[in-house]
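There's a structure below that I have some questions on.
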């Protein structure tokens, strides 16, 4: 590795500083992230994130693909909340092709997006606990996630990467028994799992001491660096794409947006825990308001959007996922740029952790809830 | 990690075959949308909602350097020359009338003669507002390196986005604090993958797939 | 001759027990952690409860490649596990197992225990430095600071018991509890300080920073594999047992109990405390190094000193 970057081996400075390499394979970092950390004892003097280990050139590949094929391929970006990715792509293409999505599909898309949000935040809870040294919450989180996977499998046929959205709606409808099962899952989550999570980790004194005041961000920093989602809301900025630029049918649904106060990792985690409850609330509304009808509009096999550009935005569990689509009127995109929230959040790591201890760096990176799949694409 | 040019003649033949196939595939396509020219031929885009349209007019009035750009659906779009880019961005971000303090997306798009940078701007205090700003760097530079000024001084979050555009498209951002490759390995000298004329120069092997 | 034979029997007996203890505790830890995490743990090896899982583990560890990491300080690195196991085994000498049965009833038993367990620190340092690995060094530094800081409240918390029983001899302390009642009721503060400090001494969560998996891979024993690593594990589980045994002897009446023979009560009570230690490990997150030091120096240390002063005052008044 030439040029600038950071010296990777050996002590530097006046011999007091030590540079260590965390990753890309490491039990804590969320995926293949490499952090080059310069330490003065336990204090982090400098941290440089190094990404690109999962770069699969998504944006170039889809330039040669027909639009219907891009939708399932986009699952692989944010693989923990795959439906959000599919919805982002579908919204962009459907807008430029003027496809009318049937109302039942619109509501079901909301339902699945919120279900994915719940599952993703549950996973965040587990991995965040593990970053802090608590091993049991991870197992508890996966118990609920397993139930969620089973639900998703019954509805879509897949557990994690779904290929469920199509241009014009969804691949298949969901059945009444499935909707009742989903309701039962939500009841179980709210009544039993959520209080268990809070009691096991969030209300724990050691957890609070490890997260309160750690990894603080000011609202100005968060906005300037392009943070979105729970990271931005933890600093106190009430910005949610579902409220600020409503898509699907969110403007017709009632929900609150949890907002933090201090911008530290405690608030970040708390915002996500409260969002689980809000997502459950949204799903229940959708269950009540779900209209009947088809779930897939009649779309020509060759999808040719009109020439033009569009930027579609979706609130994924990580933040704002954006798809900037440049179409030249043919059946393949001219340019598809994927705006990944985790990519923007990783820039914040130095600001959150320089001057703090190594353990705080781990907590800060964990609280950002990054997914390397969408950072590198 | 640098990439070797193919030494094996069979490999070089494969690379050449790929390049030829790429050129042939692009012949069949209608070609890139060329901004205003394409928009004039394309069906007129849907009208913006009234408050967004009014906002767009206010921006155009305040910043004469911005020219309206057609072809964008859903948001007012403007072009600006790269020499006036920083001024325009500073005004859009800092001026209390606009307060476009949230840069969500910075993209690079490769066109035959130029590389465009597209900025998607939003405003946290005014959620209804949005703006697309475009600037372009001609590829025909005396030293062959297209450039555009960096906006990291206005929006800190542009940092990694600009590095990504530099990495994948080869566009230099003047004034960037730390311009180096981000997704591809540091020593990658195989070109810029997102460019339309990119051909993978690395060692190629023929793969045989047997039907069973 | 008799002395020599007795000595050999004691040594063999201790090592046999250490081995058996490690065997059982590894399985117990896996089962306890599993049930706390709502899963089953070892299920196949040795019947439905997987009781021979430890045997399978040992066979696997024996089959691993034996190597010394490049650039490591050879003798330091190789001897570190030995230096870790030694104190773990030595302290069995003074444990008051039965009514009259102690391997070597030293009249400075408690002091012997305290001084020998300090050697664990040396083993950790040798491992961390000898590994020639930054993570190991960081882990060893953290462990060093932690063990050194928590030695003091650990020892001081036992002084209250010494004052009450008037002796450092562990058998005497236990006998005193048969008339006096278990010391845990009068020395509750001492017990709590002792228990928390011993968790820190054992490098167990919430104080397992030196092996903080999420941060340092495995800390000071990153570079060890196979039986060398198993030595560290044996030392850790042995220490877990002996610390619990000491706590039982000091605070819970040792072998005292109705109907059953003394050694059965001793083992029973010790293993209950071991179980509590495991329970805590799998429930709580990890503290940060500066929080750990704060807890040791600013809270436990003054508390243990206050305990001594309070106990002395009460004794004077009586």
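Here the chain labels run A, B and C in written order, and each chain numbers its own residues starting at 1.
The rule we apply is simple: contacts are C-beta pairs under 8 Å (C-beta built on N, C-alpha and C of every residue); 3 or more make two chains touch, one makes a residue touch a chain.
Source: prediction; values computed, not measured.
Chemist: What chain lies farthest away from chain C once each centre is taken as the mean of the Cα atoms?
Modeler: Taking each chain's C-alpha mean as its centre, the farthest from chain C is B.
Chemist: When you take the mean of every protein CA atom shown, which chain's own CA mean is nearest to it?
Modeler: Chain A is the most central one.
Chemist: Using CA atom averages as chain centres, what separation in Å is found between chain B and chain C?
Modeler: A distance of 62 Å separates the two centres.
Chemist: For chain A and chain B, what's the span in angstrom between their mean Cα positions?
Modeler: For chain A versus chain B, the centre distance works out to 24 Å.
Chemist: Roughly how many whole angstrom separate the Cα centroids of chain A and chain C?
Modeler: 43
Chemist: For chain C, which residues count as touching chain A in their complex?
Modeler: The touching residues are 33, 36-39, 134-135, 138, 142, 205-206, 208-209, 212-215, 217, 282-291.
Chemist: Within the complex, which stretch of chain A touches chain B?
Modeler: Residue positions touching the partner: 1-5, 51-52, 55, 57, 59-60, 64, 95-96, 221, 223-228, 237, 239, 243-245, 306-311, 313, 320, 322, 324, 326-330, 332, 334-335, 337, 339, 343-344, 346-347, 376-377.
Chemist: Looking at the complex, which residues from chain B come into contact with chain A?
Modeler: That would be residues 25, 29-33, 38-39, 42-43, 45, 71-75, 77, 101-105, 107, 109-110, 118, 120, 122, 124, 127-128, 130, 132, 155-161, 164, 168, 178, 180-187, 193-194, 198 of chain B.
Chemist: Under the definition above, what is the set of chain A residues touching chain C in their complex?
Modeler: Touching chain C: residues 18, 20, 26-28, 39, 42, 129-136, 139-140, 143, 200-201, 204, 206-207, 209-210, 357-360, 362 of chain A.
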